[in-house]
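Next come two complexes, and both contain chain A; in the first it sits with chain B, in the second with chain C.
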Partner chain A sequence: MTVTSTASTAPPSGAEPNGSRARRPRISKRSVPYLLLAPALFFELLVHIVPMLGGLWMSFLRLNQFFLREWMSAPFTGLQNYRFALDFDGAAGVELFQSFAVTIAFAVITVGVSWVMGLAAALFLQRSFPGRTLLRGLFLVPYALPIYTSVMIWKFMLDRSDGMVNATLSDLGLGGERFWLLGNNAFLSLTVTAIWRLWPFAFLALMAGLQSIPTDIYDAAAVDGAGLWQQIRTITVPMLQPVSQVLILVLFLWTFNDFNVPYLLFDQAVPSSANLISIHIYQNSFLTWNFGLGSAMSTLLLLFLLVITAGYLMLTSRRSRNA
Partner chain B sequence: MRHRRLSGVIVLILVLASSLLSGCAREQDDERTLTYWASNQGNSPQQDRRILNEEFEKFTARTGIEVNVEVIGWGDLLNKILGSAVSGVGPDVVNLGNTWAASLQATGAFVPFTEERMQQLGGRDRFLETSMSSTGMSGRPPSSVPLYGLSYGVFYNKAMFREAGIEQPPENWSEFVDVARDLTRPSQEQWGMTLAGASYTENAHFAFMLGNQEGAQLFDSNGRATFASPRMASGVQRYVELMSEHRVVNPDDAEIGSATEAVGNFATGEAGMLVAQNSSIAAIRAAGMSDSEWGVFPLPTPDPLPDGGEAVRSHVAGTNIAVYRNSENKDAAIELVKFLTSAEEQSILNEKYGSLPVVSDAYDNPAFNTDALRTFSRILAESSKQVPMIPNENRFETTVGAAVRDLFARAGTNRSVRSEDIAEALDEAQQKMRSGGGSTR
Partner chain C sequence: MREPRWFQWVRGVGLCLLTLFTVIPLYVMVTTSVKPLADVQDTFQWLPSALTLEPYVDMWSTVRLADYFVNSAVVSLGAAAFSVLIALFAAYAISRYRFRGRDAFRFTVLSTQMFPGILFLLPLYLIYATVGQATGIVLQGSHIGLIITYLTFSLPFSIWMLVSYFDSIPVDLDEAAYIDGAGPVQTLWRVVIPAAKPGIAAVSIYAFMTAWGETLFASIMTDSDSTTLAIGLRDYSTQSTVYWNEVMSASLVVSIPVVLGFLALQRYLVQGLTAGAVK
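And now, the complex of A and B:
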């Protein structure tokens, strides 16, 4: 009793006397969360939402070299930039469409292969054996390397005259003398480089997911006579679904927007077979100085990704509810 | 009470915002300090900085104006200039590729060099006429003035010429192809010439030069692209054929993205000839080839010239210098331009960089009296033509340069490049250029 009364009446030594505390504006409990959130909200607005709205606004302007300096006075052109970007009779519209198709193919292949490789490696490393930790570390190296370094190494390896890829191929008697950074081979080079960089992330996520599957399920399955392949198909993959769902979405968004890999691999000479949409947008705004058109394309990309994400989330959440 | 709390939150946000924005605001410039963005003219940015700082010490001693030099690589320069044009935050004085002059003039980022300002620099007549033709749209005061002069020429390896029994440089295009063929020995990894097939700027320059030799009109009087013509196509064909048909160029060159890499092939003796600007001299020396080992002759033309063709052996190449409209120190900035275009500094800097003075009164320096530099300066003064000074020039470089790059990719992968393919590629480039999606005012 004495203890509680002391605590409620007498402030701890060194604190202000009661009188001044009464005059201070009181912060009610209800506003505390909002106050704590306010800085984060403010910066989120500043860093993400405001530039996005700015881009949206730019896409309705004729923002080219004549108006760059006084971009506040660039004329409003309504939907003209969108009409131009989506005019599939003109050279620009066709190019955008091609670039879009290339990007879809690139994203689907990269995500699919990364997921399969990640799962295979995670399963392989699940059982304990000597050297497992070393191997696990080794698998994660591509993800840990700075992107610039790893892509430049690939660029050197894919060089026609003195790259390692051609040298190895010709040593194996499989040809060589091939251009990997030009023409249609460029798509393959781009995809391989991207997968190499990305699959360790899939591996990491799936490995974490595997830890949550109880081992006695496998034991029970083994007792019932299920083989390894059956166990993977009926236990592992379904039980990894929550992890896979998020993983595939994230990987898809990353690859679909990938700029670094093609930009570093091909410099400004990006062949049309590897012309990803982000590169296409960059070239249409920075090389031709038509930022209105570039913004319109970016907005279209954003809309597409929003639709894909929403559709994917709807589909997967319904499936998991049914399951 | 609730309102009070809400307004408290708003005040907090506003205070944060204002402190951030004031962080963005430009620091008050020191009155006597200029920021100068220099293009990379020498072998390395370090060398550039050293050369320029040495000269600026003199400038500071004479005028009391300090100069803060930033050397920017060619790959980044245009984007950085664009960025500063948009934001209004940038240097006081800047270097630019002279082919961008009209495109950048259209942005309004630079101070026009009116008659009065040109008088401050000693008058328009001091400057070479050709270099002066590449400073902005015609009929308007130039938005930049020439600084370093460059032109294309054909570098050749003297020992390889001797070995192949070639006694004198070729005089027309078919002789040129023959010489290249004589020099080509694929089994010994030796090729007639080398080029940067994946560099869109280089490709656009060659399309311009060879197209003009065929009499192609690139743009009509309204600045509308008209380069998808049979004449232009035959110019481009002559260039691509060096790899596809005549096979005097290593297919590997289809992957070369910069002129510097091609210089490497030439300097190491992998190729007997290289068509490049005189700025490459420094790089050739740096790669270990001494001046006595190579010679220069002008880019050959077809003989006889096709109807309407011109004996264009180079575009008017070079670096210009401009003053930002946003500079708070324009008088000092003009003073710096005056210093850099003075006869004395033109002589010193161009000698060090291997480029050509753009003012006639700087040619007294015996350093410019070598055979090679005399050839380059004659080409610049007499047989070079300025690229069209229209705001869309940058788009010509990107669209046509990329089209030629794709043709080289075809040639390199052993697929034939027929004249139909070239016509089609040019037509596509022209469509892209014409339908610029609101690229007009």
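And now, the complex of A and C:
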């Protein structure tokens, strides 16, 4: 910013005599929006776009700890990293496929349950009653907490065989020695923790969506004799569709890319039943120092997300054209 | 309309279940934070055997909590301030000007939000290292590097939300200011910003929360001088004894600023979210 201002205010020493008269005001009106956008564009390029392109380039390199300092001179290996990542007969391919399947299951369950819980809560709190504001605020607290504190709470509750969850289960006569953070139980622990933090966001968005539905539609339906359940099914859910679509896409992308919950819940040793794709890539990049392979996996992940988003956009634009 | 009996039942039961699910972990956090150490090492008890504030005193000396707190505050406040400032300019341009590349910019900014962080973590790390070698500006492991990184995380949502706020402010007001001789920045400052205050407040707290809770980049991009709370709280569990009571008291203390801010501003956040969702 300083560069532009000094350049434009500095006297044009040695400029040709006609130059100053022909010059337009210091900043031409057409460039105003570009100047306003420049800072945002600069930082987006620096932190997102350029590194993404860099990552794409790195996926073609044999980039390991030996070449990290001089990463630009790492040997070019073409598609070798991709071949290795997608070789389903080899260890890396099998692990990548497993991790992908776990991530899909995790994202679908988490988003589905969060949406249902959010919709239920929004419907329950639609009509005012004593304590409504209190409940509304309460439900939002898990979303407001920093991720690491909410995960720490769940980690404490699920930790140890005599922790809160196990102790309570055995008090209820459902007990048994169980370690929730190990083996197949880890997937359940991960999912419940993620839902606890995420569903308030669905609640927030759906609650706002409900407010945008005009009440006279319900009145008209009631006059026609539609019961409450029919009204929810034929008015509320369809009218919430635009909000739900964006919400579900956003939640899916968030949970699909989730790194924080498994990383904080399990520390370095994430059980394979909870080994989400971003953890898998992190391990391949920063624990085994195979950055080329990690970058190739990242690129594959990006392609998948692009397909999902493009499909979503096509679906919604077709629907809005038909409407 | 009249609610049928069955719905009142469903609502009662449903709200009870949702409340229990929400409250139990919060209850565990609060009660654990006032339990003596012996309580958190044995079988879980719903009620503390004794109430003590010791964890709140000891948590500061078990790990360098105060340092982490300051680091997080510097980074989060810095990221929020810059993010909002930059978003204000960008949103004003998008809302008030028709120019070539407008849609391309919107699309680019929005699409960066769907990229998983893991995708650009390593390249960014190497870019910061290269910039550091070439110019001497230390971005790795410094506050400024984290601030720059985090401000971009909240930028897309901030721009998106502020555009919808600005769109709701009549352009006539801008034009009146122009006639009075104000330039674009003055118009933004005098006319548009005052009218969009709730939106700006909501965006600020969102940006602050994003930075306050970030873990992935903090795990790679901080060193012992810049460790943030997200990473620092893990220190409690690497001690020979896991001080779960102190973990919970520290968690509670670091959560208070964001929870209060969020609850105060959630109404505006909701408005921004729906404006974005419906468009």
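One rule holds in what follows: the second predicted complex is superposed on the first by the 294 of 323 C-alpha atoms of A that agree within 3 Å, B and C clash if a C-alpha of one lies under 4 Å from a C-alpha of the other, contacts with A are read in each partner's own complex, and residues count from 1 in each chain.
Throughout what follows, contacts are C-beta pairs under 8 Å (C-beta built on N, C-alpha and C of every residue); 3 or more make two chains touch, one makes a residue touch a chain.
As the structure is a prediction and not an experimental result, all values here were calculated from the model.
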Touching partner for A:Ile147 - first (chain B), second (chain C), both, neither: second
First, second, both or neither for A:Asn64, with chain B first and chain C second: first
Of chain C and chain B, partner touching more chain A residues: C
Touched partner set for A:Leu182, first chain B, second chain C, both or neither: first
Contacts of A:Pro39 with chain B and chain C, given as first, second, both or neither: both
Which of chain B and chain C A:Asn290 touches, first, second, both or neither: first
Which superposed partner A:Ala269 touches (first chain B, second chain C, both, neither): first
Contact residues of chain A, present in both the chain B and the chain C interface: 34, 39, 46, 68, 71, 267, 286
Touch list for chain C against partner chain A, complex: 1, 3-4, 7, 11, 14-15, 18-19, 21-23, 25-26, 28-29, 32, 40, 42-44, 85-87, 89-90, 92-94, 97, 99, 102, 105, 108-109, 111-124, 126-127, 148-149, 151-152, 155, 159, 184, 209, 212-213, 215-216, 219-220, 229-230, 233-234, 237, 244, 247-248, 251-252, 254-255, 258-259, 262-263, 266, 269-271, 273-274, 276-278
Complex contacts: residues of chain A adjacent to chain B: 25, 27-28, 31, 34-35, 38-39, 42, 46, 62, 64-66, 68-71, 77, 80-81, 84-85, 90-92, 95, 159-161, 179, 181-183, 267-269, 271-272, 283-284, 286-290, 292-293
Contact footprint of chain C on chain A as seen in their complex: 30, 32-34, 36-37, 39-41, 43-44, 46-52, 54-55, 58, 68, 71, 117, 120-121, 123-125, 127, 135, 137-150, 152-154, 156-157, 162-164, 166-168, 196, 204-205, 207-209, 211-212, 218-219, 222, 227-228, 231, 242-243, 246-247, 253, 256-257, 259-260, 263-264, 267, 278, 281-282, 285-286, 291, 294-295, 298-299, 301-302, 305, 309
Chain A contact footprint on chain B (complex, rising order): 4-5, 8-9, 12-13, 16-17, 20, 79, 82, 85-86, 88, 103-104, 106-109, 198-200, 250-252, 254-255, 257, 325, 391, 394-395, 398, 402, 405-406, 409-410, 412-413, 428, 431-432, 435-441
